[in-house]
Amino acid sequence: MKNVIGNNLSVTLFGESHGKGIGAVLDGVPSGVKIDYDIIARMMQQRKAAGTISTGRREDDIPEFLSGIKDGYTEGTPIAFVIPNKNVHSSDYNALKNIARPGHADYAGHVKYRGYEDASGGGHFSGRLTAPLVVCGAICICMLQEKGITIGTHISKMMHIEDRPFDEKHLEQDIALCNAKTFSVLDEKKGEQMIALIEDARNHMDSVGGVLDTAITGLCAGVGEPEFDSVESCLAHALFSIPACKGVEFGSGFDFSNMYGSAANDAFCMHGKEIITKTNHNGGINGGITNGMPIRFKTVFKPTPSIAQLQKTVNFQTKENVDVEIHGRHDPAVIHRARVVVDAMSAITVADLLITRFGSVYFGGEKQ
Amino acid sequence: MKNVIGNNLSVTLFGESHGKGIGAVLDGVPSGVKIDYDIIARMMQQRKAAGTISTGRREDDIPEFLSGIKDGYTEGTPIAFVIPNKNVHSSDYNALKNIARPGHADYAGHVKYRGYEDASGGGHFSGRLTAPLVVCGAICICMLQEKGITIGTHISKMMHIEDRPFDEKHLEQDIALCNAKTFSVLDEKKGEQMIALIEDARNHMDSVGGVLDTAITGLCAGVGEPEFDSVESCLAHALFSIPACKGVEFGSGFDFSNMYGSAANDAFCMHGKEIITKTNHNGGINGGITNGMPIRFKTVFKPTPSIAQLQKTVNFQTKENVDVEIHGRHDPAVIHRARVVVDAMSAITVADLLITRFGSVYFGGEKQ
Amino acid sequence: MKNVIGNNLSVTLFGESHGKGIGAVLDGVPSGVKIDYDIIARMMQQRKAAGTISTGRREDDIPEFLSGIKDGYTEGTPIAFVIPNKNVHSSDYNALKNIARPGHADYAGHVKYRGYEDASGGGHFSGRLTAPLVVCGAICICMLQEKGITIGTHISKMMHIEDRPFDEKHLEQDIALCNAKTFSVLDEKKGEQMIALIEDARNHMDSVGGVLDTAITGLCAGVGEPEFDSVESCLAHALFSIPACKGVEFGSGFDFSNMYGSAANDAFCMHGKEIITKTNHNGGINGGITNGMPIRFKTVFKPTPSIAQLQKTVNFQTKENVDVEIHGRHDPAVIHRARVVVDAMSAITVADLLITRFGSVYFGGEKQ
Amino acid sequence: MKNVIGNNLSVTLFGESHGKGIGAVLDGVPSGVKIDYDIIARMMQQRKAAGTISTGRREDDIPEFLSGIKDGYTEGTPIAFVIPNKNVHSSDYNALKNIARPGHADYAGHVKYRGYEDASGGGHFSGRLTAPLVVCGAICICMLQEKGITIGTHISKMMHIEDRPFDEKHLEQDIALCNAKTFSVLDEKKGEQMIALIEDARNHMDSVGGVLDTAITGLCAGVGEPEFDSVESCLAHALFSIPACKGVEFGSGFDFSNMYGSAANDAFCMHGKEIITKTNHNGGINGGITNGMPIRFKTVFKPTPSIAQLQKTVNFQTKENVDVEIHGRHDPAVIHRARVVVDAMSAITVADLLITRFGSVYFGGEKQ
C-alpha cells in the first residue's frame, strides 16, 4: 500500500529530501519494549555520510520522537518521529529542472506525479529517506534482542575485491564484529582495498556498487507462510524498497544453478536434542518457512547514479537531447551506508513475522 | 496476508497436493475482459509434466470455473475455480511420515502447523499449487493483451549451459518464440543440451536447477511506488512465492557489483517523440517506478529436492537420525515448468499495479 | 479489499446465485482446531429457508470441503469449500432483464459491472451468498468455544412487536436458548406474533424487516484498537457486509441521545477480584477496546425488497419507466434467517481480533 | 491495521493528548490537487472548542505540513503534518492515575497496553486525536470538490429537541448552510434550545450526546463493493473510529423495522435522461453500491463521559472501589464538534472508494 509496509507491524514513511523534514510512523510495536538509544545512535551513525568516501551533505539526523515512547519504554501506540532537513542546497538542483538524470527516478517520477513532484535532491526518492527506516529498524532490533535474535551485514564484494565469508561456526561473533564497524568488512585489509577503490572512483568522477551479505541468528523454526508471505517474499519486498537495491538471493542463491540436488539439499541431523542442518544452502528457509537455521541472504546495490562526469540525456519537458553534469554533493558509493539499512529492513520484517505468529503480546511485557 | 496476495487484484490460493482439489479465487478482475481459453490451455500445458524430464504424476489440470465468468467474459465478481486431484498415490508417502526430507518444508511445516499438516505429496507446499497460479496468471495475460503488454521467459542458464540472451532489438519476437515452446529456450541447440543434462541427472538419481530470464514489454512509464511498493518489491514478493525460487535480480542485477556508475547508468535519449534509454541495465525501473523500457529480471530455481538417492536426515517425531530414500514420482528439474509460473506471477503483479494506478475501469469495458 | 475481509483471519467469498456454486476460503485458522460439524449443521439449518415464512427455494446447502481440514481438525492451511447451486430457476428472472427491481442492487450493480453482471437471482448480491459466511462463522465458533466465548442473537423487534430483552444476569442461558431455536426469540409468545405478522405480510404480497439484538460473552478485556480498528469499527464493517443490514448500534446506541452522561457512564466496581461495570450502556467497549463485559449490539434489517406487488421502476437499458411484478421464490422476511449470519460475522471478527492480539498459536494446539 | 485506515488512500494517525504533538500521514492523494487552505481553516475552527459549551483547553491547532505539498498543490507523495500540543495541564491527571474513569478507555487501555500507556488527557484515546483526522478530511474535500461532491452534517437530535430534517429538494443549499455554521443546525431556534440544554448540563456537572444527520451529494452510481467493502461497511468502519460514536444507520436505518417492503422500496424513475429514485430510504446505497442518489446516514454520539460529579469506580492497580471527581477541562457536549469529524471521515472514505474505482489519476491532473 504505497508508503506503508507491514502487516501487524507497519512503517509509514514520509518526506522529501529538500522539504521541511522526513520521518516515519512505526505502528504495532507492543507496549513495554525498552528503547536502547545507543542502538539507534550507532545505526544512525553508521548510515551517515563520513570521510572522503561519502557525500558532502552533513546532517545530524537526530530523530525527534513525537509519540509512542515514554520514560524509555514503548507505550504500544504509534511511534512517530521527524528528522528535520537542515543542510539543504536546493540551488544545486535548479540547473537540473526537467532533466532526466541517468539512473535516477526523475523521469519515471515525473510521469507518475504528472509534473507536481518536488524533484530537488531526489525528493521522495532520495536515499535520505532511508534515515527514518534505520530509526524504525533500530527500534525493532530492541525488540528482537529480547528474544536473542541478532542481525549483521558485511560488504562481501565490490568489483574484484571479496571480503572473507561469514564464519558459520562463529556467526554471532562475526555479526558482533560487523555491528561494531562503520565500514563493515570481516577482513580489515579487504576493507582498505575497497575504500581505496571508492576514492579512486570519486577521483575519476565515477562511482561503484557492491554486494552485501546478511545473517540473522536466533530465529525459531515455523515462522512465515507458504507461497505468498514466504519469508523470502516478505524480506525481498522490504529489501527492494531500499533505493539502489537491484537483486536479492537467499542461501546459495544464483549459485544454485550450478549445483546438483544432491549437493544443494541440506541434510538434517540431530545436534543434541535440537534439529539442525549440516549445510545451509537454503539460507534457513524451507518452503517459505524458517527451519531454525540462520537466515542468510545477499543483496546487490548498483553504483550511485549521481556522477560528476558529463552524461547524455534528455529534457523531458522540451523533449530534447541534452548533456548534463551533476554538481551538488554525492556519494561515490552507498554500499557501506546501505548495509545498516538492510539490517533495519530485515529487523522490521522479522519483527512483523514474529508478531503475526505469536501476537502483539510476544514482545515487551507487563509494567511492574 | 498468508494465502492472499495483491492489493486491488488479489489471488486467494487453497488446496493440498493429496486433498480433494486445489484452486484459487481471483478477485478484482474488471468486468468485460474476454477470456482467451487458448491462453489458459497453452500455459497449463506448458506447466504440466511431460516426457522423461518430468514427474510421472499426470493430471489433466483442467480448471472448473465456479463463478465470475459468463459467456466468455468476466463479470467483475470473484473468479473461483477448482482443479480436482485425481492421480493421488498417498501410499508413496506413508514411509515418509515424520521424516524431514532434505531441502523440503516437511520439518518447517511441521513446526508451523504443530503436527496437523497434511504432508502427503508436500501438502500445501507442493509445487502442484502452482497450477492455480497459472490459471490466474493466464486470465491476467488476457487483460494485459488489451493494452499490448507481452510477457515471456526463457531458461537462460543450467549448470554450464547458457542460452543466448533476449535480442533487445526484437524483444517481442523473442517473447513470442518463448511462448510457443514447451521447453523455452531461444537457441534450440542449447535446449537439447539442457534436456540431456536433465536426463543425465535423473539417471543419476539427481536433479538440477537453473536461471530464468524474463521480459515484459509495453508497460507505460509511471507505474509503481517509491520505496515500499516499488515494482521490484511487488514483483519479487510474487516471484518468491513460487516454490524453489531462491533469487531475483532486476536488469544487470548482481553484475552491478562489477560495474562503474558511468557504465551502469542508462542514458536517456529521444527516439522520435518518445523518451527511451540507450541501454537497460536498470531493467525498466528507476526509483521503483517504470520508465517505459521493457521490464527485465532473472530468477533462480534450486534443484528439485526430491531425489531418489539415499540421504541422511532426521525423524522429527522421534528426534533420531535416519536415512531416507524418496520414492514416488518426481521431477529431475522444474525449471522448464517454472518458467510459465514466473510469467503468471508477473502478469498478476503487473495487472494489479495498473489497476492501482488507472482504476478497475482500465481493463474490460461497457457491454454493447 | 473487495471480496476479502479480515486481517489475520480472512474470508474470501465467491459465487453467484444462479452459477455453478458458491463458497469461500477461510484463511488463517490455526492448526489443531476441532471442527464441530454439529455446529455447522445447526447454523446452516437455522439460516435455511423453512416453512411458510421463507422462500420456496430449497437447497441442501451442504458445504463440500476441499482443503484445510483432516480427520476433523484444521490443518492450518486455507479451508476452502463449495456449496453447489442445484435448485436454480433462472427463467424466473428472464422477464426482469434490465429491470431495476426497487430496493435491489440491479441498477447499482449494472453500473458497477458495466453490463457484464450475472443478475439472475441477485447474482453475487444474492442473500444466498450468506450461506458460505455461515460456514466460516461456524468454524470460528468452534475456535471461540475453546476460550469459553459464546454468541447469540434474538429478534428484538418487528414492527410494534418487541421480544423481551436479554437477561443480563443470565446472559449465557439466554444465548443458549437462542442458539437452540430456529426462530430466535426469548419470549415464545412474541415469536408467534412475529410469525403471524410475516405470514400476513406474505398474504398481502408484502414483506417486513426487524431489529436483531446480539450478545457475546467471555471475551477478555484489552482486545481491539483505538480509533481505526476499534471493536465497533471491525464488527460494523463485518455486519454491514450482510445484505439488507442498514444500521448497527452498540450498547445503548441511538438511545444515548436521550441520556445524560451521569446516566450513560458505566460505573466500574470490584466483583470479587474481577473488575466489572454495574451497567453496560457501552456494550462492553470503551475507546474501541473491550473492557471484559459482554459485547452488546443491535442491527436492523430492512424488509425484503422482493415483493409480488406491482411496482413502478425503470428499464435501465432502454431508459424508460416500466411496471414490474417480481415472480420467483422470495422471503416475506429474512430477519429470522439473518440472525445466524450476524452470529457468523461476529464470530469471524472476534476470532480475527483475538489472533491479532495473541497470535495464530492462540487457538488449536500441538498434535499429541 | 491498527492506526492505519484506507485502501488506496490511507491515513496513519499518531500522538497522545499530552505528548509533544499529534498528527497524521495522508498517503495516496493524487498529484496536482489544489489545497484550499480556507477549507482546512474553516473545518479546524468548527472542530475547535469555543464559548461556554466546550472545554476550557484552547489550542491553535494549526497543522505544520512537513511533506507532500508544494506551492499549494499536492505532489502525490505522502502528506505528513504535526499539530503541536501546547496547552497541556498534565497535573490535572495526576490524581486520576490508575483510576478507571467511567465511560472512558482508561481501564481497557490499561489492559491492552499493560501499564505502559500514557493515560494523561486520554492519551492516544483522546478526542484531540480527531484534529488530524479533520485536516486529512479537509484535504479530501478539496479533491471531492473537483468532482462536484459535497458533504454536510447537522445535529438532528439532542434529547427531546429535534432539528428540522434536510430538505431533499434543496439538499446542496442545506449542506452549504451547515458548512457555514459553527453550531450546525438547520433551524436556528432549535440550535438555541440545544445550546441552552448543553449549558444546563454543564451547570449540573453533567453532559449530553446527540444524533448527527449527514448527506453526501454528487457521488456517481457504481461505487463500492458487494458484501465486504460495501459503502456502508467502509463508511461505518471510518465513522466508528470517531471517539464516542456508538451507532450508524443508513437511510431509514432502524426505522426500517417499522416499515413494510412496499413502503421501504425506493421506486426508480426517469428524471430526464437520468435514473433516480422517488424516495431515498436506502440512503443512496443498494447492495453496498452507490445508486447515484445522495448518501444519507445518521450517527449517534454518547454524552461526554468526563463529568465533574462524584462517581463510583475502581482503582485498577490496587483493585479497590474508589470515588472519583474528574477535574480538568472538559466538554459538556462534543456533538457540535463531532459533526465536522464525521464530514472528514466521510470525505476520506469516499475519496478512497473513488480512487479504488477510477485510479489515482482520477483527481488532480497534469501540471501545465
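Order of writing sets the labels: A, B, C and D. Residues in every chain begin at 1.
Here is the rule we use: contacts are C-beta pairs under 8 Å (C-beta built on N, C-alpha and C of every residue); 3 or more make two chains touch, one makes a residue touch a chain.
All of these numbers come straight from a predicted model, not from anything done at the bench.
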| item | value |
| --- | --- |
| Of A-D and B-D, pair with higher C-beta contact tally | A-D |
| Chain whose mean Cα position lies farthest from chain D | B |
| Chain A and chain D, separation of their C-alpha mean positions in angstrom | 38 |
| Chain centre separation (chain A, chain B; CA means) in Å | 26 |
| Centroid spacing, where centroids are CA-atom means, of chain B and chain D in whole angstrom | 45 |
| Shared-contact residues (touching 2 or more other chains) in chain B | 1-4, 7-8, 13, 77, 112, 124, 226, 361 |
| Contact footprint of chain A on chain B as seen in their complex | 1-5, 7, 11, 13, 100, 102-109, 111-112, 124-125, 129, 157-160, 201, 206-211, 220-230, 232-234, 236-238, 240-241, 243, 245-254, 256-262, 264-270, 273, 275, 277-278, 281-283, 285-292, 298, 300-307, 309, 311-314, 316, 319-321 |
| Residue ranges of chain C touching chain B (in the complex, touch as defined) | 1-4, 7-8, 10, 12-16, 19-23, 25, 27-28, 31-32, 64-68, 70, 73-80, 82, 112-118, 123-124, 361, 364-367 |
| Interface residues, chain D side, partner chain B - complex | 7-8, 77, 226, 355-362 |
